[in-house]
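Labels A, B and C are assigned to the chains in the order they are written; within every chain, residues are numbered from 1.
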Amino acid sequence: MTRRTRRTLPSPVAMRRGILVTLLALWELVPLTGLLPELFLPSLSSTLKVLWQDGRIYGHALAVTLYEVAMAMAIACGGGILAGAAVGGLARLRVLLLPVVSSLYAVPIVILYPVFTAWFGVGSESKIAFAGIYAFFPVMLSTAAGIQTIDPQFLVAARSMGATLPQQIARVIIPASLPTVFAGLRLGGALAIIGVVVSEMLTAAAGIGYLLTLNRTILDSPRVFAAILLILLLSIAYYLVSRAIERRFVVWQSAGKPLQPAQSTV
Amino acid sequence: MTEAIAVEGLSHNYGGTVPALEDISFSVPAGRFTVIVGPSGCGKTSLLMMLAGLRAQSQGSIHCLGKPIPEPDPQRVGVIFQEASLYPWLTALENIEFPLSLRGTPKEDMRRRAEAMLHLVGLAGFGARYPHELSGGMKQRVAIARGLVQDPPVLLMDEPFAALDEQTRMTMGHELLRIWSTTSKTVVFITHSLTEAVYLADEVLVMSARPGRIIDRIPIDLPRPRNYEMMATDVFGRLRDRIWRQIRKAD
Amino acid sequence: MKILLVRLGLLALVLAAWELLPRHGIVNPLLLPPLSEVLAMLGELLQRGQVREALGVSAFEVALAFAIAVPLGAALGVLIAENDYLGDVFKPMLFIVFAIPKSIFLPLFILAFGTGIQQKIAYAAFTTTFVVLMSAAAAVESVKQDYLLVARSYGATRLQILTRVYVPSMLPVLLETLRISMIFNFTGVLIAEMYASRTGIGHLIASWGENFQMKQLFAGVILLAAAAILFNEALRWMEARVSAWRT
């Protein structure tokens, strides 16, 4: 009886790729073989075909969605990072506000969306307001936490080397804050995308989420899936790009800081 | 005046009420290696902060090279901290250049001087490494290089080797003496380790527990350059013993 | 103490603004009804059968979705934490999962289950499972290796290790997991109700909004916000009690 050599499993990366390929294959084959009705799962090829045919429509919708995401990000990241830096850096503010914000975090922000549509209408403003607020608090909390990890000794050392206050800010505080800021941008963008998509799905007149809902109500499954696919690609692309940028610019941030997944609720 | 550091009647209270230091007076002649030891919380670090101009004392005067030191003066006094506090976004060389860059020193000048310091501390060739790629001992060497790059006549060191393991500590202590011997700087060095104190110092100042006072000045007559074998001698042991007894008495 | 007073002061300020700004016309009272009127409406709503029924439906969905998601997510989370290979394969994928708007799958649940109650429960359970998974994995990994080593060196059996080391060590984290998962669960149910449903408090709120019934809308918002905060704080209090030994 021969001894079996130890079976090696494929590397995790290969395994993941394998899973992805298998899923795509199933997406194509399962509907074609009739295991699931086309209504429930249109084949990958029919989804792509429709996406190609309606390219203009989807492109326009994507532009609307991206615009809303960008605006929401400006609010959430601009405001969130500044607020987080203030709360994280100033002990008095932190002690005062942080527990309050953490408690508010428990409230599902989505209940405010009807308020925004009543106030701002069905157009982009309500989406931007909603997604902006949705992303604001997590970015603020994340930035506040990150600011606190900066070694206070950095500033003492800078002072001992004769740094003036402007120099302390520009040469020490800002570079030391960069990883936190990048993390905030990544988080804010991801949450902005999520917030915009949800709100577009609920009440809208334009955007990819709107297309998704529209086609669902007329039971046009390939078009529904085309919208789903687009959103998947958008959010995954954002994730990969922002991670890559973060890694490249913050290469000196040594291992030991675990990366938190975006706190999405939807 | 040959006194590099002159402290007169120094007292300090935390928050105006808690006494931290009490009537401290001592002077350090130029070129001398002085070590301060004392129990935890006796105010050694606060004293050092004041010598560096990083903190203001409640009472008394401090003169460094004949002038008071109300704020940090890196060209007069260099400071090295317990945690190297190197900036992780800068390479070793850039960290050493940092104090020079604050003063707008031209690039080539900075590079030249920083490279020289790197060489002095035995890290030639490691300039392009980032702090997270360096060991604890290497990081402290870079910190020392950074403190030396402006060639200050006075060097203050706050337990710089405390975070290192014992073997690295001994090596670093020896290295420090080598570097110091090539210059004529005045050094004030704080440590918890009595062995380190005796090994490095020309004179050891013993502080009491809070509120910190100077309770003894112990001259260390061991010949220089020091070597490890001295640690096994009777003289060494007696000196260390004397310090220990003083500290125990003070508690 | 002073902090509490300042916070209460801030709260009072916000509440006062909510009352006075609309009353004096600085803010359009049609868009933002004064707080007193909203609270009055809230009292009225709680007496209406339709509202109570909607609350009941939502509560049921929340509970059932939670009951499905927690065991499922916990089991998967433990699996990923214990098995190194599975962890290496699936953890990076999980990060991506959290970056995706999971609401895009809601239409799939509707296609599968219709617009009734099942799709809402299924969707909420779906989204919550991932959160529970992540937290459970983190909880398992948080049990210090040292504790395990000590137990094993004393010859503890696997069951003993489970009950005497894992559980007490993980208890505070488990409570936190439940607390955070519930936040996401609640949100998931509400989104499903607002999207394509004719029952539940989420649907009510959405339709009040559509019909510009602002008093009812704000009353609903206050009610839900209060419920969420109360539940959250209750669990937080329990967490604190249990984790006194934690640094």
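The criterion applied here is as follows: contacts are C-beta pairs under 8 Å (C-beta built on N, C-alpha and C of every residue); 3 or more make two chains touch, one makes a residue touch a chain.
On a predicted model such as this, the values are computed, not experimentally measured, just so you know.
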Neighbouring chains common to subunit A and subunit B, by label: none
Chain nearest the overall C-alpha centroid of the shown protein atoms: A
Between subunit B and subunit A, distance of the C-alpha-averaged centres to the nearest whole Å: 48
For subunit B paired with subunit C, centre-to-centre distance based on mean C-alpha positions, whole Å: 54
Length of the line joining the C-alpha centres of subunit A and subunit C, rounded to whole Å: 19
Residue numbers on subunit C that touch subunit A, as the complex places them: 3, 6-7, 10, 31, 85, 88-89, 92-108, 110-112, 127, 134, 183-184, 186-188, 190-191, 194-196, 202, 205-206, 208-210, 212, 214, 217-218, 220-221, 224-225, 228-229, 231-233
Touching residues on subunit A, where the partner in the complex is subunit C: 9, 12, 15-16, 19, 39-40, 95-96, 100, 103-115, 117-119, 190, 193-194, 197-198, 201-203, 209, 212-213, 216, 221, 224, 227-228, 231-232, 235-236, 238-239, 259, 261-266
For the subunit B and subunit A complex, residues of the former touching the latter: 52, 54, 72-75, 79, 81, 83, 85, 87-89, 98-99, 101-103, 130-132, 146
Subunit B partner contacts - residues on subunit A that touch it in the complex: 151, 153-154, 156-157, 159-164, 167, 171-172, 175-176, 178, 252-254
